[in-house]
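You will see two complexes here that share chain A, one where it goes with chain B and one where it goes with chain C.
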Partner chain A sequence: MNVRKILTTLTASLLLTLAAGQAPAAEPIKIGSFLAVTGGASFLGDPELKTLQMYIEEINAKGGVIGRQIELVHYDDGGSPKKSVNFAKRLIQKDKVDVIVGGSTSGSTLAVMPLVDRAKTPFISLAGSVKIISPVQYWTFKMPHTDAMAAAKIYGDMKQRGITKVALISGSGGFDKSGRTQSLQLARQYGIEIVSDESYGAKDTDMTAQLTKIRDTDAQAILNFGFGTGPAIVTKNVRQLGIDLPLYQSHGVASKKFIELAGDAAEGVRLPASALLVADMLPDSDPQKPVLLAYKNKFEAKYGPVSTFGGHAYDGLHIALEAIERAGSTDKAKVRDEIEKTRGFIGTGGIYNMSPRDHLGLSLKAFKMLEIKNGNWTIVK
Partner chain B sequence: MFDQILQFVLTGVTVGATYALVALGFSIIYNASDVVNFAQGEFVMMGAMSAIAMSAGDGIPVFLSLPLAVLVTIGVGILLQRFAIAPARGASVVTTIIITIGASIFLRGVALLLWGKSIFAMPHFSGEQPIHIGKATLLPQNLWVMGGAAFLVLGVHWFFNHTTLGKAILACSCNRTAAQLVGINVGMMMLIAYGLSAFLGAMAGILVTPITFTSYDAGVMLGLKGFSAAILGGFGNPMGAVAGGILLGLIESLAAGLISSGYKDAIGFIILLLVLFFRPSGLFGKATSERV
Partner chain C sequence: MRRLAGLCLLATIVVVLPILFPDNYYVTVVGVTALLHAILAVSLNLLMGYAGQISLGHAAFFGIGAYTSAILTTRYGWDPWAAIMAGLALTGLVSFLVSRPILRLKGHYLAMATLGLGIIINIILVQGDQLTGGPDGLGGIPTLSLFGWALDTDLRWYWMMGATLLGVVWLALNIIDSRSGRALRALHGSEVAAEMMGINTTAAKTGVFVLAALIASLAGGLFCHQQSFISPDSFNFFFSIELVTMVVLGGMASTYGAVFGALILTLLPELLVVFEDFEVMIFGAILMLMMIFLPQGLFVGLQNLVLRWLNRRRSAAFGAVGE
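Take a look at the complex of A and B:
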């Protein structure tokens, strides 16, 4: 007991001295974050944390924002919504952060939303689900495109090609199921009829049975909403069965890994993806190009291959800091209002134009329709 | 309709052949040592992953990496027996099951640390040009899987029925003490049994990975399906395990094609439950406790 008392006193006095020593400098701006740095969703949280740390270091070196340094307080939620709630509480009550940028998974974000609402703390989420912004929640914003937008982008492209009958095949994972629901809901709006709705298990190794059924329908194209090995196997099976229909994949497979796995079978596959994937192929007139290349080069110089997920953290951090700059303070209500007023912010995910009714602020233009040709991406005009 | 069903059957037999090899591994270990080895799926993953790792980049050529990967996996199987199962000799069935589940989690963890979370592909053995049978198609690799499985199953059958070594392993399972009394080195026989099932697992992994891809956690599903197949055929009956595997593959494929792809796994398990309800010892298991 005594030792602890002494330690507490010592620490307290040390902190006081430190605070006194820094008295002339303003208190740092506190950015809070909870991310899935480890666990199954670490492919999201890991690049997100690296991005936040990298840019906060850079901005601090340049003197910070509104004359104040930035301090990142981050916790690893391992992708668990329960842990996220605990960490969000700690960020709000104990660390007293000014704004939260985090929430790698939709589950974590949705679990934390009621909390930030009660605490009246601005929260920029890095997760995908459309439920985060629809209906709009006063204190929550989000950066990544939604699966509904991916489906809409695909249907738009199909319409241009005169395709009206589509066979849907999707996996059993959360991403897959949500994509399937959005695809079914949006189909009518684009005048598209879903003639077949098949599914497969997350770890299934052969989808020829489902695709044989699809082959005998009058579908004009196949849409596969999936994640992991499933889409690569579907792509290979489609070619094996000699099905000649155009094959669409979702943004869930927007990585070089997919081309590597599916090999020659991937030729001609179309999918919507973030512009970051094809940054160097964009025309020079594209306003996003310099932002994308700068982020890509900076990240790759330090950590290796860039991913769209780290890009969301870049967008979230910069939107939050610009809002603080415009607000001229860290007053939470003012910062929230300024985030909502974000217009024409050029990020890695697209050009953000937020409004009280749209807390994402991206249009379908943010997605590029890509086609795989000769083992590489090409942009479909 | 006929073309469709032919395609479903071809698909089912290929998938079933993989289940059969995993189920056979379950049976061999169960016969030799009364242990249900839940790390059997991890043997499949280890075989495939180590083959890919060894031939990646400027590694050794594929034809060399495959036998080496099989050897590595056999080594893993023997180590598992020697350091995890053997020290717990005489422990209850539940204890040994917990040990093998622990071993499977451990092996997955090792694979995760060594090779990360990525998905890996392997080249097909003889091209990817589909073979047409009517309107149904088949990949050359599917023939490799079916042929390889048939060859291994016959080999195992011959080993247990026509070699002294195989018969010695069976003797250990029938009566350990008696086997020891007639001069059989029981400890050695156990090691051979684990090595043999690890060998079968590794072979299954190498044969199917060109079609299915692999990752550190690919063994979980295969282990479960192989276990179901072994139960369906009659636990402890090697040929029953093979029949159970192919049957399970066929059920899944036909259910996905003819009824509903969303419920194919459920249909597989319902049939498994029905079989167990009417024939608790599985389709080809003997009602008595005699094994093999």
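Take a look at the complex of A and C:
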């Protein structure tokens, strides 16, 4: 029963406005959100909420958007799709929000999509699954890269290294399973043969059995799609067994925590990740660099280590607000059209170019291929 | 007669609320969830409250009903009503098959076994992703239609769930006051004594277990068409525990108590939302206070208080006449 709502920074922002000597203008713009702030997926919802609050406060202090202040209405769904459905209805019917930016988990997002369609409310999701944008749903958009893109990026890198035979090993969580499906589907397109398809349970502490089987195949590389502690154990086991094959991980382990857990075994592991992780290493010519550093410094000054998940909330909020600004009103149909017209928006996830057929708008360039060297990330050229 | 009076009161409340507040979020949205929870709590109460057989895996039957109907309608194009019936049939079969070995166990062992059952079903839903869609869930489930009316608004779903709840409550009340209901209560008191009285305890326990599972399955069938999207998270262990809490909070062995418990447990979190960070703590404190001061359950406890008060007044009146 960890339902929890955090009403907004409204009071703080109001005080700031008054201090600035501006009379609060018209009705505030209402941004609705339901996030997994507590529960198993809180590592997603927590930085997302903090990001939304931090930036809404800042934007309000600067006078808001189209002369109106912004109000955040937020509920904690604990990652449960059932609760998300009720909270989304509450946002639409009771709070009458103008735009929804939220949905930490794919389950929550997919559960709410038919609802926002009926209510004709623009919805920007912060969840990963490719099912959210394929097929395209008229009122739903999404910020994070898809698992299919991660697989494509990995296969592209493998191809460059001349790898054609790959052993796949994946966990049993939602992220893992969806990634496995996408990896299997995309393999042929990249001329890659999956010679082994192993899996492990969410709480397994040893994967040597699966890896021994993989060792006996003629695989040229190992691809591990997983989340949590599983990938770190796989990485350690690969080294313990003395398997001398390139090891690829997914963007699911793109945090310092993974390097800590896997220790020396992580050396040489490659993975696709958003540029936020390596913001300081990007060349100055990279247009994303100033955006990434600004977000990173702001978040870390207030809350501690930055994560890519909070970055999705940054992107979603700004795309929504820019669309409202271009539309000049909070008319839902106009705002939706403007979100769809987002071009060249430089966010933390990449450069977004949306269209009626693409409600994500990121290309494979949004991912950087990283290699772990000396306990730190390096960009693979 | 007293039995029907309570049902009439419940029916009046269910019917009058949406007429008075047709657009109220708490009635049409939270209300539908509360009615659904009430159906589930009443079914679990038959098993736990009356027959004294604890179940920590009730969400499993709810899940079987929901997933069977969802899979048959989305993947095989079945008619939703036929799919719900198929869900009922499957649940009936599964619950009958597991009831024999499981109901031989007592107390903690029974709790463990039902817990295991719930977890196994949940794992099947997560792992069988070819069929169930895995952890990402299953979407695009069509809504129900009744006599040419598509149940496509919250209000219409409210009527559907309300009617189902009244039907289930009526069924539960009738069973409890019937011969088999008395057998169940005897069994709750003492299984050995009940057997000595000539009650076929195995048949009685199996019967009530299957019945409770069937009602949960029906609720699941309705739930999946109402939500149009389901995922294994809605049928996990924690939901089973939530249902047990509803029954205990409302008052074991009281059908209205179960309805009341479901209502409180659905409504309270929605109302406490205004307390922001302290919400969960306040919620916990309220539950603790209720159980300390009204250990028989909220509904039963309040009912007893009222009856005692009435008795005292009556005896006081008697005393006055006597003098």
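By definition in this document, the second predicted complex is superposed on the first by the 357 of 381 C-alpha atoms of A that agree within 3 Å, B and C clash if a C-alpha of one lies under 4 Å from a C-alpha of the other, contacts with A are read in each partner's own complex, and residues count from 1 in each chain.
The working rule: a contact is a pair of C-beta atoms (placed from the backbone, for glycine too) under 8 Å apart; a residue touches a chain by one contact, two chains touch by 3 or more.
The structure presented is a predicted model; accordingly, all values stated were derived computationally and were not measured.
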| item | value |
| --- | --- |
| Which superposed partner A:43 touches (first chain B, second chain C, both, neither) | first |
| Partner chain(s) touched by A:59 [first = chain B, second = chain C, both, neither] | neither |
| Partner chain(s) touched by A:261 [first = chain B, second = chain C, both, neither] | first |
| Contacts of A:205 with chain B and chain C, given as first, second, both or neither | first |
| Partner chain in contact with A:216 - chain B first, chain C second, else both or neither | first |
| Chain B versus chain C as contact partner of A:233, first or second or both or neither | first |
| Common interface positions of chain A, toward chain B and toward chain C | 172 |
| Chain A partner contacts - residues on chain C that touch it in the complex | 23, 25, 29-30, 33, 126-127, 129, 134-137, 139-140, 154, 227-231, 233-234, 242, 265, 269-270, 272-274, 276-277, 279-280, 283 |
| Contact set on chain B toward chain A in their complex | 4, 7-8, 10-12, 14-15, 18, 117-119, 121, 128, 130, 132, 136-137, 139, 208, 211-213, 215, 218, 220-221, 253-254, 256-257, 261-262, 264-265 |
| Chain A - residues contacting chain B, complex | 42-43, 172, 198-201, 203, 205-206, 208-210, 212-213, 216, 228-229, 232-233, 236, 240-242, 257, 260-261, 263-264 |
| In the complex, chain A residues that touch chain C | 1-7, 38, 75, 79-82, 85-86, 89-90, 93-94, 106-107, 110-111, 113-114, 129, 131, 172-174, 177-178, 181 |
